[in-house]
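What follows is subunit A paired twice: with subunit B in the first complex and subunit C in the second.
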Partner chain A sequence: MRKWQALIAAVFLFAALFVPLLALTDYTLQILFRVFLFAALGLAWNLVGGYAGQLSLGHAAYFGVGAYGLALFSKVGISPWASVLLGVGLAVISAAMIGKVSFRLRGPYFALCTIAFAEVLRLVAKNLPNVTGGDVGVQVPLLFPHSSIRCFYWSGVLLTSFALALSAWIERSRFGYYLMAIREDQDTALSVGVNAARSKLWALLISAAITGLGGALYASMFLFIVPDQVLPMDISTEIAIVAMLGGAGTLIGPLVGSVVLECAAEIFKNIFKEAHLLIYGVLIVVVVLFMPEGIVGTIVSKLALFKKTPSAPFAAPGRATAEEESQRVAIDK
Partner chain B sequence: MVNWFYVPLQAILNGLLTGALYALIGMGMALIFGVMRIVNFAHGAFLMMGMYATYVLFQATGVSPYYQFPLAGVLLFFVGYATYMGLLRPIGGQVDFMVILLTLGVALILTDGAQLVFGADYHQINIPLLSKNIHLGSQISINAPWLVSFGIAMVLACTLYWLVTQTMFGRAARAIAQNPYAAPLMGINVNRVQAIAFGIGSAAAGIAGALLLPVFYLFPDVGSQFTLKAFVLVVLGGMGSIQGAAIAGLVLGVVESLTSLYWGNQWALAVDFVFFILVLSLKPSGIFGSQRA
Partner chain C sequence: MSLLEVKHVSKRFGGLKAINDVSFLVKPGEVTFIVGPNGAGKTTLFNLITSVFHADSGSIHFEGRDISHLTPNGAAQIGIGRTFQLVKPLRNLTVLENVMLGAFLRTSSPSKAEKEATKVLAFLQMENVAHLPARGMGLPTLKRLEIARALATQPKLILLDEVVAGMPTSEAIKLALLLKRLPEWGISTIGGIEHVMQVVMRIADRVIVLDHGVLIAEGAPQDVVHRPEVIEAYLGSKYKEIAL
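Coming up: the complex of A and B.
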């Protein structure tokens, strides 16, 4: 199953590299960049939220730190790409501090704690105009010499490929099994000698590095950022939704989730104008009620029914298919 | 002359008046959390619904929100009840992961639904009471609407406390909070009690919204800040303790008011969260709670 997922993803990403050769408008490429950016962010989130089962709703913190890192380090005269690295480093350091405190908590307490940290960062960024420019915003240097959207698109695809390769490797490694053991039952994992605190922290550090890199790319494309754009809770929830919609804890789930969610959001933007987040809400409710394992997770567990030894619990297949069908119809409109 | 005394005193007084509404919001959330272990991300959206319902009714009839707030409560009770029965009960066996996500989805639907129906504009209502101030001595003055809402909120908070500690419903709710597996064996209809608790918690948010309407701006995303505040209150008060959440509401009101006075309004929310993280990391059972988190 995983081999198939990896193969599909590899072919898809390879094909994606050649998309800009088609005569597409900048606007379309910008949307596709967003698809791949959030796929990468979803994959990064998946390490903590999917494999390790820790519901982080504060990934905007690392996204924003990466974005502001690029803006602020280059403001003091450091070259843009060095600033990106410094920003990513800063995101990892902040993840270490946030993780140290929040991983002591479990379940809803952990989720609340990550939200609180991200909100504190947002409010600090808003209220220190001397450092961050506050609500007025701060300029971000361009990362690519030609201000071409293609370069951003390609970097988005590369970031996604990197995140996917890393996830595939982690999924098969000892470290990945530690994370999944922690998700299934932390106490049992501890009892067989898994260092849960260290494993979770490492997962968060890797996740934060990719998220910070994504934040820097995003900021550079807009050339200008304000705290409410790169540090709000909306970013955190969107990242989590992308991963869970596709299937938390599956390899290509976040990729599928990002394609579905971003395309749906784009289509519904024309119908609902500013209220297009409505579709996020509807998608979340539908997925939680009818496909609790996400799109990929549900398909995988259904295919598992045909194996000799079913490895997943029997879901109610009729209901889920009807729901998928109606969703596809809704998107087609 | 005695500014160093009267100015903070005025701030503390204002904080207590705001804090009463926080207490109401926090108690609603604490009731839901205590009985169901559900972190309700839609709490602020319910508050927003209460505000819009009261706004629409005020525009139609002109009756002051201070008379028609029970209607918002009734409406939100049914909304909460329906949300539980329709959405939360079917996924009862799921991990809290899914429940968090579901309430988040409900919040998005309600917020953006309100934006679709009412637009993103800010609304405000004007009632004669707003211009009335009550003076205590020469230095201290209290805005009349805040005093009225303080009174109503306090009465409702006491009612809620009475409901949970003295009635059969409260007994059942506390039994479920103590042990959700043993409670049904004792003949408690867990689904019904949880649905009612969710309804009452939502009604508290809706009434708080109605009471906030005259003194606050109304816009679709008004609720999210109160959702976050309600989390802070529930954690400070000790997870699931409704009297703890009430006290935490008053304390938080005063802390915010003093922060605004000395550091500026923009830091008030940041101080909330720092306070929250400190409590979560140092004493996860909450300042006023005894339960282990």
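Coming up: the complex of A and C.
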């Protein structure tokens, strides 16, 4: 099943590289950029929220730090791509600090803690006009020589491909097993020597790096950012919803989720005008109610039912040895 | 030299003295069983040895090293494996993957971990369920899975908490006979059991009896079960004289 998922995703992403060769409007390409951007963000979130099962609702923090990193470092004269790297570094550092504190908590308390950190960052960005420009905003340099939307689209596809390849590798590695063990039962993970705190932190650092990179790309496309655009709760929830809709803890779930959700959002916006958010909300509720494992998760478990069932439902006792038989007789007496 | 040395350990939860000045030794290759009625402190003692809790006073030494202030994962790393009384499988992973998780403590290669896990599953006669998800398994299988996961970490000492509780006697005996072979692998065992005495008598080299957190008897199994204080702990003072 994992191999099939990887194959489908690889073919899909390869085909996606050629889409700009079709005569598409800039508007369409911008929507498609958003699809792949959120696929990459969802895949990054999936490492923490899916595999490791830690419901982070504050990924906007790393997104915003990446975006502001690009804007502010280049404002002081550093070249744009170097600023992107510094921004990603800053996102990783903030993830280390946020993770160190919030991973002390489990379950809903962890989720609340991540929301709080993201909100603090947003309010700081709003109230430091000398540094961030506050609500007036700050200019972001263009990352590509031609202000062509195609370049953004391709970088989105590449970022998604990178995030997907990384997820596939992690999923099969010891690190991936550790994350899944932490999700399933942290006490069990500890009992076999898993350093749960360290594994969760590593997952978050990797996730934050990709998210920060995504934030920088997004900011560069708009050329101008304000705190409410790159650090709001909406970004955090959208990242989480994309991954959960597609299937948290599955390899290609976030990619599928992003394609479905972002396309649906755009179509509804055109058809239903003002009512589109209502439809969007209903769609999410329906999926959560009827497909709690997400689209890919549900398909995988339905397919598993068709697999050949083994002869014995649980470890059927093997044939008793002579020694066992005699012991049993002795006990029955 | 002793493998594990528990020295004057006490642990209190609020007003309850769960473990009160308990001391004992475990020699390498020995099968020790801690028996005692419900609430005697068996699980608390296991949680102290694996550093899930830390003792209020006293110390625990493993291979001569003080392990009183380790972390639970640190205890696993130095070679103390454990099972949980209330089974804690990784429900959405297969049985094999559950056991591989244990094997990953000693190797980072998935293929090596799979090999080690397969070996352990074969020993516990669970090969036929290796590729099924753990969530569909019955209690006897899950109890075995607990042992398999702990064995895959290649421990020097394994703590089995109520490993046969809730099983049919025939299953319990089969499992006990497998556990009897653990010293061949160089693994010492501490089992905790409430009342399945057939298993204890069959495989224990030594029995420790706990009652309300106090160690009340220690010795060879046949010896210990006839002591008046043990009978009193299980049956109450009223029946002590009848039983004797």
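We take it that the second predicted complex is superposed on the first by the 299 of 333 C-alpha atoms of A that agree within 3 Å, B and C clash if a C-alpha of one lies under 4 Å from a C-alpha of the other, contacts with A are read in each partner's own complex, and residues count from 1 in each chain.
Throughout what follows, contacts are C-beta pairs under 8 Å (C-beta built on N, C-alpha and C of every residue); 3 or more make two chains touch, one makes a residue touch a chain.
Nothing here was measured: the structure is a model prediction, and the numbers come from that model.
**Student:** Taking the superposition as given, does A:Ile78 touch the first partner, subunit B, the second, subunit C, both, or neither?
**Tutor:** After superposing on A, A:Ile78 lies clear of both subunit B and subunit C.
**Student:** Looking at A:Ile267, would you say it contacts subunit B, subunit C, both, or neither? Reply first, second, both or neither.
**Tutor:** neither
**Student:** Output check: A:Ile31 vs subunit B and subunit C. Expected answer is one of first, second, both, neither. What do you get?
**Tutor:** Neither: A:Ile31 stays clear of subunit B and subunit C.
**Student:** So, A:Gly281: does it touch subunit B (first), subunit C (second), both, or neither?
**Tutor:** In the superposed model, A:Gly281 contacts subunit B only, not subunit C.
**Student:** After lining up the shared chain so the two structures overlap, which partner does A:Leu142 touch, if you call subunit B first and subunit C second: first, second, both or neither?
**Tutor:** It touches nothing on subunit B or subunit C.
**Student:** Of the two partner chains, subunit B (first) and subunit C (second), which one does A:Tyr177 touch, if any: first, second, both, or neither?
**Tutor:** In the superposed model, A:Tyr177 contacts subunit C only, not subunit B.
**Student:** So, does A:Leu289 touch the first partner subunit B, the second partner subunit C, both, or neither?
**Tutor:** first
**Student:** Tell me the contact category for A:Ile8 with respect to subunit B and subunit C: first, second, both or neither.
**Tutor:** The answer is neither, since A:Ile8 touches no partner chain.
**Student:** Does subunit B (first) or subunit C (second) touch A:Leu112, or do both, or does neither?
**Tutor:** Once the two structures are laid over each other on A, A:Leu112 reaches subunit B alone.
**Student:** Of the residues on subunit A, which ones does subunit B touch that subunit C also touches?
**Tutor:** In the superposed arrangement, which is not itself an observed complex, subunit A uses no residue for both subunit B and subunit C.
**Student:** Mind listing the subunit A positions that touch subunit C in their complex?
**Tutor:** Residue positions touching the partner: 172-174, 177-178, 180-181, 184-185, 187-196, 310-318, 320, 323-324, 327-328, 331.
**Student:** Per the contact definition, I'd like the list of subunit A residues that touch subunit B in the complex.
**Tutor:** Of all residues in subunit A, those touching subunit B are 53, 55, 57, 101, 104-105, 107-109, 111-113, 115-117, 119-120, 123-124, 126-127, 233, 237, 240-241, 244, 272, 274-278, 280-285, 288-289, 292.
**Student:** Show me the residue ranges of subunit C that touch subunit A in the complex, using the header's touch definition.
**Tutor:** Residues 50, 52, 71-74, 76-77, 81-82, 84, 88-93, 97, 100-102, 104-105, 108-110, 113, 125-126, 128-129, 131-132, 136-138, 140-141, 144, 149-150, 152-153, 169-171, 173-174, 177, 198, 202.
**Student:** Under the definition above, what is the set of subunit B residues touching subunit A in their complex?
**Tutor:** For this pair, the touching residues of subunit B are 37, 39, 87, 90-91, 94, 96-98, 100-102, 104-113, 115-116, 120, 224, 228, 231-232, 235, 239, 264, 266-267, 269-270, 273-274, 276-277, 280-281, 284, 293.
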